[in-house]
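Each chain gets a letter, A, B, C and D, in the order it is written, and its residues are counted from 1.
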Amino acid sequence: MSEQFRTQRRVEFCETDAAGIAHFSAFFTYMEQAEHALLRELGTSVVRHEGEAVVSWPRVSASCDYQGMVRFEQVLDIEVAVERIGGSSVAYQFRFSHEGRPVAQGKMVSVCCRIEPGQPPKSTPIAPELVARLRRFLVDTSSSASP
Amino acid sequence: MSEQFRTQRRVEFCETDAAGIAHFSAFFTYMEQAEHALLRELGTSVVRHEGEAVVSWPRVSASCDYQGMVRFEQVLDIEVAVERIGGSSVAYQFRFSHEGRPVAQGKMVSVCCRIEPGQPPKSTPIAPELVARLRRFLVDTSSSASP
Amino acid sequence: MSEQFRTQRRVEFCETDAAGIAHFSAFFTYMEQAEHALLRELGTSVVRHEGEAVVSWPRVSASCDYQGMVRFEQVLDIEVAVERIGGSSVAYQFRFSHEGRPVAQGKMVSVCCRIEPGQPPKSTPIAPELVARLRRFLVDTSSSASP
Amino acid sequence: MSEQFRTQRRVEFCETDAAGIAHFSAFFTYMEQAEHALLRELGTSVVRHEGEAVVSWPRVSASCDYQGMVRFEQVLDIEVAVERIGGSSVAYQFRFSHEGRPVAQGKMVSVCCRIEPGQPPKSTPIAPELVARLRRFLVDTSSSASP
């Protein structure tokens, strides 16, 4: 029932390491870039200015399990789904594969925050229109165990 | 009873992002660098050559929970402990703080692998001397719940 | 007379710094990625395997002059030209702009090297077919001063 | 006559690439980190807050010539000298070596800027006390050709 957001990312040379493969930390920047691409697809940005304030999405947690390796110039297929939408947070799931072979899967929880100049970030409710648009990618948990 | 390995890391400018803080992905490189410093402390390296083969430690999983923020030039105190030693894997725990304030905590599981030229990595038992040295940092799980 | 290779690159969040702009070091990875995209366009790769040997292109110099700034999610237009083709080296020129506004210009000299296992890289003549294809992007120096 | 500022940097695993060596772009972050360490040594920081304004040092140019390679866990010795102090700019020279073997040399020009909130950076004269302290590392150009 639910839809997946799909994007691709070529492994760049500076992301490989002396073991000849994409460095494990690169997958966290790939997840972030996929999250930002999804938000652009939904007509918004991960950083929005509202007068002097900024509305942004700091992460509270990130994790990744590695199942395979990818090398320089290989293209990763990235599927993004929304696991859960809270009052001010979104939990994303990511699946990375290369030519159908699983490479990694990860999770990231981002919290919608309002940041006034000189103040620490304060969590703020996600705009209802964005919640509605994010639902399009919400994992259908009724029929399947969440991964 | 158990000991913690302690190291420090200054937040470099190129690791900050437009939100003015250390980018969340930087913590994964901090964890890796702390793991490598620990292995050097124990008299070995994360990459060792044995004839034509390489013995290295690819990661199978990594995760981080963020509790606070750090800015450019702030110095992170990093505590590393060993949560579990398996036949060929080590699970590490990391705690990041700045001047006593918790910033993040993470986990990483690395697998000891032997890599012959042109072959995929194959897991291999951890050398008994290294197991003995790693035990020094093993979390005492008898008296406390693991974090 | 000469043609320019054109590519684009969106500034990712992890490439910005606490000054809110793309970090100056990111332009060197952009140049490298544009060089690699050009080589793919010409039907080759910056890393090719020939039996046990690898033919690759280490850099001998790189430089960049900054004229403007770019922020998160802005898209850079990148023009690549070939300034000079030597026996085993290629000098590239790069111009970065955002919506017509100049942002930076850089140069990079790469040397074609053959790397046998366990040996240091040795410069090697560029394959004649590749020289022929690279000429398509050679700056016409007869009619204009080189930038 | 002149003094050199010396610092060290271990090559981290995430800075190596699939060629097994420190990626060429890493040297630009090493230069920046050495510049920042020099400014800390002189009792200041590359980012200072003056009320609502920020005084910082954007780069106008950076370049590097590569003479050798360094691998994971090798320690670079970095020598920093000041080539020229202008009204609002400083030109730095960097020499990288590993166990006495030259690895790279680079240059970087930074401009002292005052950044008011919501305004583009404006170049501003370097504070006279900082000029006096920087002179300690000024290359003695009377007796030797500049490198």
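Definition applied: a contact is a pair of C-beta atoms (placed from the backbone, for glycine too) under 8 Å apart; a residue touches a chain by one contact, two chains touch by 3 or more.
Note that this is a predicted model, so its numbers are computed, not measured.
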Which of A-B and B-D has more C-beta contact pairs: A-B
Selected pair, out of B-C, C-D or A-C, that shares over half of its residue contact pairs with A-D: B-C
Inter-centroid spacing, subunit C versus subunit B (mean Cα positions, whole Å): 35
Subunit B-subunit D separation of Cα centroids, rounded to whole Å: 30
Between subunit B and subunit A, distance of the C-alpha-averaged centres to the nearest whole Å: 24
Shared-contact residues (touching 2 or more other chains) in subunit A: 13-14, 18, 25, 29, 32, 47, 72
Touching residues on subunit B, where the partner in the complex is subunit C: 13-14, 16-18, 20-21, 23, 25, 71-72, 117
Partner subunit C, residues of subunit D touching it in the complex: 18-19, 24-25, 28-29, 32, 47, 56, 58-66, 69, 115, 120
Touch list for subunit B against partner subunit D, complex: 12-14, 29, 32-33, 36, 40, 45-47, 72-73
